[in-house]
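Below you'll find a set of structures to go through.
Each of the two complexes below includes subunit A, the first together with subunit B, the second together with subunit C.
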Partner chain A sequence: MNARRKSRGGHSGRGSSLFPVSVLLLVLLPLLLMPLAAVFVFALKGGPLAFWDAVRSPEAQFALRFSLLIAFGTTLVNAVLGTFAAYVLAKHRFWGDRALGVVVNLPVAIPTVVVGTSLLLLWGPIGLLGKMLVPLGLQPMFRPLGVLLAHLFVTFPYMLGAVKPVLDELETTYEEAAYTIGASRWTTFRLVLLPALRGGLITGALLTFAHSLGEFGATVMVSGNLRLKTQTAPLYIFAQFEAGDIAHANAIAAVLALLSFTIFFFLFRFASRAERQEAG
Partner chain B sequence: MSIVLEGLSKRFAGRAVVENVRLEIADGELFVLLGASGSGKSTILRMISGLASCDGGTIQLMGQDVTDLAPQDRGVGFVFQNYSIFQHMTAAENIAFGLRIRGVSRRERRKKSEELLDLVGLGGLGDRYAKELSGGQQQRVALARALAYEPKVLLLDEPFGALDVKIRTQLRRSFREIQKRLGVTTVLVTHDQEEAFEIADRIGVVERGRLIEVGRPEELYSKPGSLFAATFLGAGTVLVGRSREGRAEIGPLALEIPPNMPHREGEPVRVLIRPEQVELSEQAVPDQPALGRGRVVESSFAGALRRVRLRVPRLPRTRQVSPSLPYGEEGLLIEAALPASQQIPEEAWVTLKGWSILQQPSPSLLVADPLTGVRPPVEPARPVAAALGASIVVLGVAEGPEPAESLRERLKGEFESVVSEIRVRAGHPTEQLREEQAENFYDLIVVGATGGQAIRNTPVRRFIREASTPLLFNPAREEFRRVLICTAVGEPGKSDVRVGGWLAGRLGARVTLLHISRDSSAPPRWIRAHLDQGIATLSAFDVEAEARVRQAPSALEGILMEARHGDYDLVVVGVHGPRARTVTGRDDVTLQILDSSNRPVLVVPEDSG
Partner chain C sequence: MLILRRVVKRRVRAAVFAVAGLLLFAYALWPWTPMARLARPPRTIVFYGFSILGEVINHGVFPAFQKRWADRTGERVEIVSSFSGSGTVTNQIILGVPAHLALLSLELDADKLAQAGVVPARSWRRFPFEGVVNRTPFVILVRPGNPRGIRDFGDLTRPGVRIVHPDPFTSGGANWAIVAEYGAGARSGAADPRRAGHDLLLGVWKNVVAQAASARAARTQFENGFGDALITYEQEALYDRARGKLTADVVYPRSTILSEHTLVRIDRNISRRDADLVDAFAAFLFGDEAQRIFVEYGFRSVKEPFNEANPGFGSIRDPFRIADFGGWERARDEIVEAVWKGQVLAEMKK
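== the complex of A and B ==
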């Protein structure tokens, strides 16, 4: 609190900050704020009843539920996998560890459409591994499992990115203390490391969830965009737009935006609380 | 015995960080491992706890061999410098952690943690989290946590290092009290000799991964055996004189050598004089040995005492090793401590109230063959070793483990009777020689190959450039009477004067200090000054020396000309270190001299000596 006041006090006065602040607002208004507002304006244009109807339509309901389900699944799997990866990368030195550290962060840099394509080329009916699965009657692509795979791929770095720095900073003496006291590796992880990682875990989970909820590029490739089967909320919005049903598209867009705001709100609150705790 | 270490060794990336440590610690003893940072003391502690593995040797705790046990199964308590209190647990939960994972009931855990909180003086603070506790309080929690499940031994790694001075002294005192009350065998690691003195039952001094000396604090302070322990454990002056009929001759003084510190007749003796053993007075005190009349050159306030440094005129056949003398210093610098209330005179008689004799220093020579690894020049090295009174360590390097075994057998058969140790390593000759040089202390490495052969081999050339120990080439001479030291003005010219002087002193040789000038005009004053300082440094080694300036078109020609002309038995040159400009060595005078002279050549690295 004190630090904040001090940093403001550093400026030469209220008057001089008026200009840069207003310029920033003027730029941000059409860039960020107005588009967001437009979604809600259009969503409620036909009145709350039309909005409600649009949200209640079976396809929209499926898309929203499916999206949430996939987001939960993705978060759950990547929470475990990402934490494990972070633990291995932070605590073990092995040949190629640096390269692996780069590779696991690669998904952030690859266009999501490319991710979708690569998954199809691996698991699809004519894909490298998919070909072998066809005779067994297995086919992950164009199924919910395919969507989950795509989301796991795309969101993998978020958990890792939130947990690994915490692990890197945590001195090994904490683990060593636990070992000398008699705790096994697993007990030490459960009782010493995991509680210390709580903040990183929550942040990583919220980020993963939010990204999964909004994922479009990879999903559109691997899902086949099959309504009531593999259509996520973003795909539904896009499909409605293409079909000219702007009211339905907007309604779901507004719901999705609200969900994202909520997640962001928690993320923000959590982050600032963690910061305060650290400062205290 | 609670703790028995046998031949404990540990290597990191091929380097020995702990070597052959033997130690027995009695039940209930508080043993302090004392050493500078990087000396390997913490590694020893971590090996006892199981947090670091052993590459050799065994560890016994309470009679049980635990060498191969995981830290979880050793039953040790460990306290870290950074406290390492689990942040998300309260103090009480931290303390009860060991009981919790052993399935002790909640009620019992509570009882035990309260007991321990009281023991460490934190009664009533059990519900606090780490961040609500001060550093000192956190370390008390860490201590209680380590004691909670009644460990066989307690290990502490610089436990007070992160605390400020006042808390540190408080905590030390209460720690010592707790340790004595519980009677738990304890090993504590520190770099702080004051701390070691204050709490230790016994101290072990660690240097370069070796346990150099072990003893009770008073013993180690007043009667250390090694130079390292003497200078690491406190201030003081160390002078080197000569042993004569059971006495140490320091100038006009003849100090008695105790029978437990045997010295060979005529060999160097090191005498330690602690600051409080020095007395300053207006008149020489009869019946007290006097070092001479000294001038105060430095005086600093240190609480109850005042530390004073005096310069006394140099004494014949006496050399100073500690505090190390600045280049060109002509006198001896004696450390004294006086009550702060006493008036500090400008000049005074320096007399000794006491002193102690250190163990006889015995130089050690490594004999190795950097070209093939398998033909160490032991025979040519023997006259030098004999003249120096040095022990010979032979290094053989073979390509792999199996040839190494047969090489060891061969070297044993040939040299066992004339050398003190035979070491055999597997790998590349210069690589392994470099390792050996890094791991052990040698005064000199004797490489037999002629300089010309050596410098045409690229790895050997690089080894010469990067060496940290003086290298002696072509040593085959029966007698060394004249030594030529080629000095360059400036930094590189200092260690070759020191090392050359030391060697000439031990060999009883005369020294010519040579400067090569490229033009015929008289050398500038600063070169004269440099040579004068060099002569002063040499005379401190009790060496007869003269300076000579020779004019020549190049340094190489000048040096070769002088070497031939004066028929020197040894040419001493500096090496300019790894910074030298070209790899081929065409413009490197050191390598050129090695190439074109068939006399013994001593190559002295910039920062040795």
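== the complex of A and C ==
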């Protein structure tokens, strides 16, 4: 790792890199670093006790747990669905495969508020399918299931994006070898592909989890924003901030930010370790 | 040996990650486990309200009701609530949120629910006081010491005064504020009341620099330092003053409107099993105990004598009600639609 870094920056001396680095830092300071610092400064303004009280309030606790649970659920479902989609798209050539490849990546491009609206217009009580569900007493919107649906939609491409490149590059000879010694498709997947996919799976899962934890635009449309029922942590932060309760809003914002930092810390460590293994 | 140590190290690290992940998962799952569910109360009232009701319902009125209900029946009940702009709440209910009761900022939003077929027309008028739970006049909040010298709505039309106003498309309070501004002009004794109302409304709106989705959100903007003046419910200011958090002066206009807040029961969301509980809470809102709590939190009670209990209520020379303009349907057509949307917004674009 060290050797590589040196060889990359070797031809420019120490003095010449000082200027661009300091410019970059100056730009990043008000753009990224200071706003994040402000959250923590405000969160701890009333002292650690007030912070603790804010985090411990039943609504805040519920919002945090609910967000985490939805994030776990989203990660689990999309790990399976995304890997399956990546497998199909990488290993099979069929009519319309390109188009399907674009479609499954669409959620990155669509504004999340639009996702929320479209879910409401499909599953909501006045929606296309929702209308038929009402007489059955089923109604996914404004329930936890609605939030899960929104998060599955929004985070779908992350798993796919992390797994598919690995599958694309994997040499088919290993698979073919497995087939020739009589392994079934499932056994081959389990014993040959899955171990190779480990890195992609973990990266995809962490990305999905982090995005689900912070999702706002789609959730605000479909959750009904009910305290202690369907209010996720970002919605809680927004509601408290709008109500002028900045202390409560910031405490949870700080917790959420910390969780995301932790996830991204692992993500980067993991990515760099994978890179090292590849290099060595 | 070295390889073995590395393998062990990796195993340990993987185990630590797994345990941390499992702990996080257990923490998240806990409220949904059977153990936690046993401890939770079985019945809930789902209550939607407009923005400024959050504290008084969650910390004042509901706990009092909860106690009364437990004393009478021995049953512990909970409230699930959501508060945002009155128009937002109305649209959410039309889209199907499972609200049992909704306390809306203005009757016009209840009419919208009726038009969408959610509730029978005028069903809320069967409640006491025709469904009006409480009132509060519209006032002007200015920066401490009133540096701009604002004494009345008329002063808001001066050039350079920056006003924070809630958004009439999503906020009930904003609609009240429009009628308050128009009405203050129309009732000023001018020869042509309609003209005077229009002129005042136009003058105020030319100075609006920020709009927020609800009255509460507008106040948050104002508190964060936007603007010289905020037009809002008196209750907002009184509640803050009671907690020593008010960082603004309250200006009582000569003429202003008293907003009236309408309770709506959404029958289609109430199961037969929960009807007694929901109806008991609805009746409780109009009862003496709840009305006293509303006064304590800065709302004016529909029962006049109770209002003497709060010395913070300012006096208004010429208070008026929506009935003075023929009710909300007429006021919407003649003031909000015809004057504000039809004339003022159009003239501002010029």
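Throughout what follows, the second predicted complex is superposed on the first by the 270 of 280 C-alpha atoms of A that agree within 3 Å, B and C clash if a C-alpha of one lies under 4 Å from a C-alpha of the other, contacts with A are read in each partner's own complex, and residues count from 1 in each chain.
Just so we're on the same page, a contact is a pair of C-beta atoms (placed from the backbone, for glycine too) under 8 Å apart; a residue touches a chain by one contact, two chains touch by 3 or more.
Being a predicted model, the structure only gives us computed values, none of them experimental.
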| query | Which term applies to subunit B and subunit C once both are placed on subunit A by superposition, clash or fit? | reply | fit
| task | Check the residue A:84 against both partner chains and state whether it touches subunit B (first), subunit C (second), both, or neither. | result | neither
| query | Where does A:238 make contact in the superposed view: on subunit B (first), on subunit C (second), on both, or on neither? | reply | neither
| task | Please indicate which partner A:178 is in contact with in the superposed arrangement: first for subunit B, second for subunit C, both, or neither. | result | first
| task | Classify the contacts of A:139 with the two partner chains as first (subunit B alone), second (subunit C alone), both, or neither. | result | second
| said: If we overlay the two complexes on their shared chain A, which of subunit B and subunit C does A:224 touch? Say first, second, both or neither. | reply: second
| For A:191, is the partner it touches subunit B (first), subunit C (second), both, or none of the two (neither)? | first
| query | Is A:40 in contact with subunit B, with subunit C, with both, or with neither (first, second, both, neither)? | reply | neither
| remark: Winner on subunit A touched-residue count between subunit B and subunit C: chain C
| remark: Minimum Cα separation between subunit B and subunit C after superposition, in Å, equals 11
| query | Can you list the residues on subunit C that touch subunit A in the complex? | reply | 17, 24-25, 27-32, 46, 51, 54, 78, 80-84, 92, 94-98, 213-214, 216-217, 219-220, 223
| remark: Interface with subunit B, subunit A side, in the complex: residues 171, 173-174, 176-184, 187, 191-192, 195-196, 198, 280
| task | Would you mind writing out the residues of subunit B in touch with subunit A in their complex? | result | 49-51, 70-78, 80, 82, 84, 86-89, 97-98, 101-102, 131, 142, 145-146, 148-149, 155
| task | Over in the complex, which subunit A residues touch subunit C? Could you list them? | result | 62, 64-69, 72, 120, 124-126, 130, 139, 141-142, 224-229, 239, 241-244, 266
